[in-house]
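What follows is a pair of complexes built around subunit A, which joins subunit B in one and subunit C in the other.
== the complex of A and B ==
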């Protein structure tokens, strides 16, 4: 059991983090005070073309010099600093959160459609699997993850998330069973432009993991959620599928439903299911995924975890609890529950 | 000097108080254990194969069977079997033939693997109340989807799916040829697969006319002897399987004795009546992997690229690399036959000593294909010693798309695994062509029994998946997270890519 909430302003009007903090804290029943986190898109307008690389360092000696070295090898650090944090009585500082604004040298690799992203992905995989005491937990452009082990309000205050303004926010209140107390295990999970918050347990993790590993990803976080980010990256970015189709690959209709469709649609859905069988996610889950283009929320095929949607003008909310949406936006106009597996998509208006 | 006789393997006795002299045992035993003299049933235990036909037909439970009624001096190395084989070969100077699968006492890896179930953190799924999907497609899959934009700006699917076999359950019946088994046995299996929405193999023996009504559910085999192969045969099959090797006898061909080649078998195999049907060890047009790729393409061309082509190999030491080579051809599926796979007849030394277990083989193949990024593009079928739905679930979790069963389907027809298939006297009417014995199989009853078995395993698999919180078979495939090894050594765990219990 965990609590999730996400919001997008479809006109790109930026919201500070204070209201999502309130909403997430309202769902403390769903957490255990051992992990909470936020991700916001649009927070680094001063570095519009730099990858904002957030790292947890155990210390600033060995791990940092190794990370510096590998970053220098592959690109240019435009700016770096410790992420400002503020001591909280109920939150034990385990790591030093650091951020780099980074431009990869794209001429260094060949055979890639998007060398900058592939370099950053490579850096994330390399640092996380080979440098002890360093963990890259956020690596996108103009976005940032802020997470730690603690209650949502303490984590929010630790980073002072009300100081950040974004047009998309996702937040997660964690009830851990697997890696309690580990900052890296808190959500959101992020890779490049993808961020994920997830409530549930993926029973197909073994299959999904083998599939993403077969495509060059390394699972280093000891949790099932990271495969969601990698699957979105693989299907959405590298294979170029639209979001609806990525969701459908992960939570496809049942065969009985597909069999009843008109021939052309049936063919598309059958091909999709056969091609992406190993990307199908099983088990109870509700997930909200964000990219710089929008957000998408969906549940497993039989909706074993709750997901509620609210709308008010340009704002779209997706959450585990209706009450969380209402505390964020007391004037919310529409509230509805999406069907199992049905994607809820929020895109920016042009 | 005469070697004398070896002790009896089995001793049959009749409880004369129970016996009502109905003579069913006399009529049923095709090995000649029983005969009647002066109104008394006499027993020649030496002829007994422990096929249990008499026991199962005796209305009074009057027949008792004892294995190894005579002791040898016990010795850990010089077992009774070792001694008897030597005596036998000293007498004959020949290769020892044997039937059924590997009879050596190797550890069974399946029995050292345990499955998972949900508790608290995720709900198990009740297949009686929620959908449970076992439907499996076998064949080539695209690596990714591609789209084109039509003139109107609509996005259209560009990717064309290669032909796939659609299975309602991931259990198929493996290749047992007409000749090795009887027509009634094949008919029973064929009706059963048609009923349960799955497939069976013809084996290397052609397809008899009476199986034509079930051809939609049959996979035709092209093996090194090319018996029964013509364009008519290829076109009838739902898929075509090239048999390179067999788990029970990797590296060698096959031999159907002339005695089994009756007129029907001779017509179906397209060989002269009464002639031995000898399949050579290699295909004489396949001496390398590229030759195989050519044969795959030739068969595809011959059938206009409308049928999936499977390639079956025995699980040998280098199985993973071989499978990866096959996956690179146009082949749609690789069949891996483990060293416990059954056979009508194989040299005992091969059956018992050559090849590796299916559990390790399928895991290694799955891993190799995954490492090379092509696992989902080709299907993997596991066979050889799958005894129950747990073995089935474990095979899939180790990386198989589906399994072939052979021996299990024959047991559902009456087989008691006596292992004398090669003698052509099967009293159950399975591994024989003697008309009176073949008639013992009522294909309606037989097919119902086999269909029941497939149905029962399918139900059990659904329950196992539901308990593990999985409602679609593709989420079990290769899912090592749902397996743990119990008392397996580290080396084996590493091959299987499975954690030990408790981890």
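== the complex of A and C ==
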């Protein structure tokens, strides 16, 4: 059991983090104080073309000099600083959160449609699997993840998330069940532009992990949700599938439902299921994924975890609980429960 | 009769439930709770004939193990109102989340709006105890999953087809599910079968349908005919051979 909530302002109006903190705290019953986190898009407008690389360092000596070295090799550090944090009595500081604003040298590799992103992905995988005491947990442009092992309020106050303004926010309150709670295991999970919050278990983790690892990703966070971020990066960014199709690959309709569709649609859905069999996720889950282009929420096909949607003008909310949405926005106009496996998509209006 | 009003704004469910229990113990028979938002476990295990009127959105497990009270909710509920409820009535004028009336043993849960997945999962009955889940709107998949007893009624108000989701009565081995209009065969779960809703059924259930409509403030007359589908267990032991071979 975990609590998730996401919000998008479809006109790109930016919201500070104070209201999502209240919403997440309302769902404290869904967590155990061993992990909470937030991600916001649009928070670094002063660095519009830099990858904001957030790192947990165990110390600022060996791990940091090694990370500096690998970053210098592959690009230019435009700015770097410790992420401002504020001591909280109930939150034990186990890592030093640091951020780099970074531009990779795109001429260093060939054969890539997007060299900058492929370099950053390579750096994330290299640092996380080879440098002890360093973990890159956020690596997108103009976005940032803020997470730790603690209760939602404490984590929010530790980073003072009310000081950040974003047009998309996702938040997660963790109740670890299968793996221990730790800073790197808190949600959201991020790679490049993708951020994921998840309530449930991915029981197909082994299959999904083998699939992403055979495509050059390395799972290092000791928890299942990580594969969702990599699956979205693989299918959505590298294979170029639209969000709806990525969701359908992960939570496809049942075969008997496919059989009832018109022939052309049947063919597409069969092909998708057969091509992306190893990306199919089993188990109970409710997931919200964000990119700088929008958000998408969905559940497993038999709906073993809750998901509620709220709308008010330009704002779209997706959450585990209706009450959390109403705390964020007491004037919310529409509340509904999406069907299992059916994606709920929030995109920007032109 | 003594009445008590509680403003639950920002209150945690523990002090809220303590106030309710203390009020009931001191003889209060009418409690009004305003500004409820997400508080779980309201009226859990409460044994009394108190009436509790709630404004707002109740958190999960409203009235769990409750025996006797009447809870009227002017708003929505999250998951599992009426969870393992023993007796009494819950009336929800809005909608409710997943697993409404989960494992209910007795009493009534009346919802005017829609409910989520797995409504009435594993409802049961014993001798005189026959729980009722009645829904004015529609329900999502796996309605009456593993149902062992009791009655589920779905009127489908505001929807062309009362229930469109699959897995109705999946694993049902007791009780009955009454759905307004026709139900497609493919929507029936394993172990469920469709039978005609007869004049006798109408006679038997008319008082219940009328009472439900009165509670949710709807004219019952348009629902008092045989335009229903009745879903019951195909056998009393549908999975007898599943784990053991005879």
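As a working rule, the second predicted complex is superposed on the first by the 346 of 350 C-alpha atoms of A that agree within 3 Å, B and C clash if a C-alpha of one lies under 4 Å from a C-alpha of the other, contacts with A are read in each partner's own complex, and residues count from 1 in each chain.
By our rule, a contact is a pair of C-beta atoms (placed from the backbone, for glycine too) under 8 Å apart; a residue touches a chain by one contact, two chains touch by 3 or more.
Just so we're clear, the structure is a prediction, and the values are computed from it rather than from any experiment.
**Student:** Output check: A:203 vs subunit B and subunit C. Expected answer is one of first, second, both, neither. What do you get?
**Tutor:** In the superposed model, A:203 contacts subunit B only, not subunit C.
**Student:** With both complexes overlaid on chain A, does A:108 touch subunit B (first), subunit C (second), both or neither?
**Tutor:** Neither: A:108 stays clear of subunit B and subunit C.
**Student:** Look at A:268 in the shared chain and tell me whether it touches subunit B only, subunit C only, both, or neither; answer first, second, both or neither.
**Tutor:** After superposition on chain A, A:268 lies in contact with subunit B alone.
**Student:** Report the partner of subunit A that touches more of its residues: subunit B or subunit C.
**Tutor:** B
**Student:** State whether A:337 touches subunit B only (first), subunit C only (second), both chains, or neither.
**Tutor:** Once the two structures are laid over each other on A, A:337 reaches subunit C alone.
**Student:** Could you say whether A:302 touches subunit B, subunit C, both of them, or neither, answering first, second, both or neither?
**Tutor:** both
**Student:** Looking at A:177 after the superposition, I want to know if it touches subunit B, subunit C, both of them or none. Which is it: first, second, both, neither?
**Tutor:** A:177 contacts subunit B only, not subunit C.
**Student:** Of all the subunit A residues, which ones make contact with subunit B and with subunit C?
**Tutor:** Comparing the two interfaces on subunit A, one with subunit B and one with subunit C, the shared residues are 256, 302.
**Student:** Given the complex with subunit A, which residues does subunit B contribute to the contact?
**Tutor:** Those residues of subunit B that touch subunit A are 118, 121-123, 125, 130-131, 133, 135, 137, 141-145, 155, 157, 159, 161, 164, 370-373, 375-376, 397, 468-472, 474-482.
**Student:** Of all residues in subunit A, which touch subunit B in the complex?
**Tutor:** Of all residues in subunit A, those touching subunit B are 177, 200-201, 203-207, 209-211, 213-216, 239, 241-242, 245, 254-256, 267-268, 270-272, 274-278, 280-284, 301-302, 304.
**Student:** Contact residues on subunit A for subunit C in the complex?
**Tutor:** By the definition above, subunit A touches subunit C via 26-27, 29, 256, 302-303, 306, 308, 321-324, 326-327, 335, 337, 339-340.
**Student:** Which residues of subunit C touch subunit A in the complex?
**Tutor:** Residues 37-38, 40, 57, 59-60, 76, 78-79, 95, 97-98, 114, 116-118, 140-142, 165, 167, 186 of subunit C touch subunit A in their complex.
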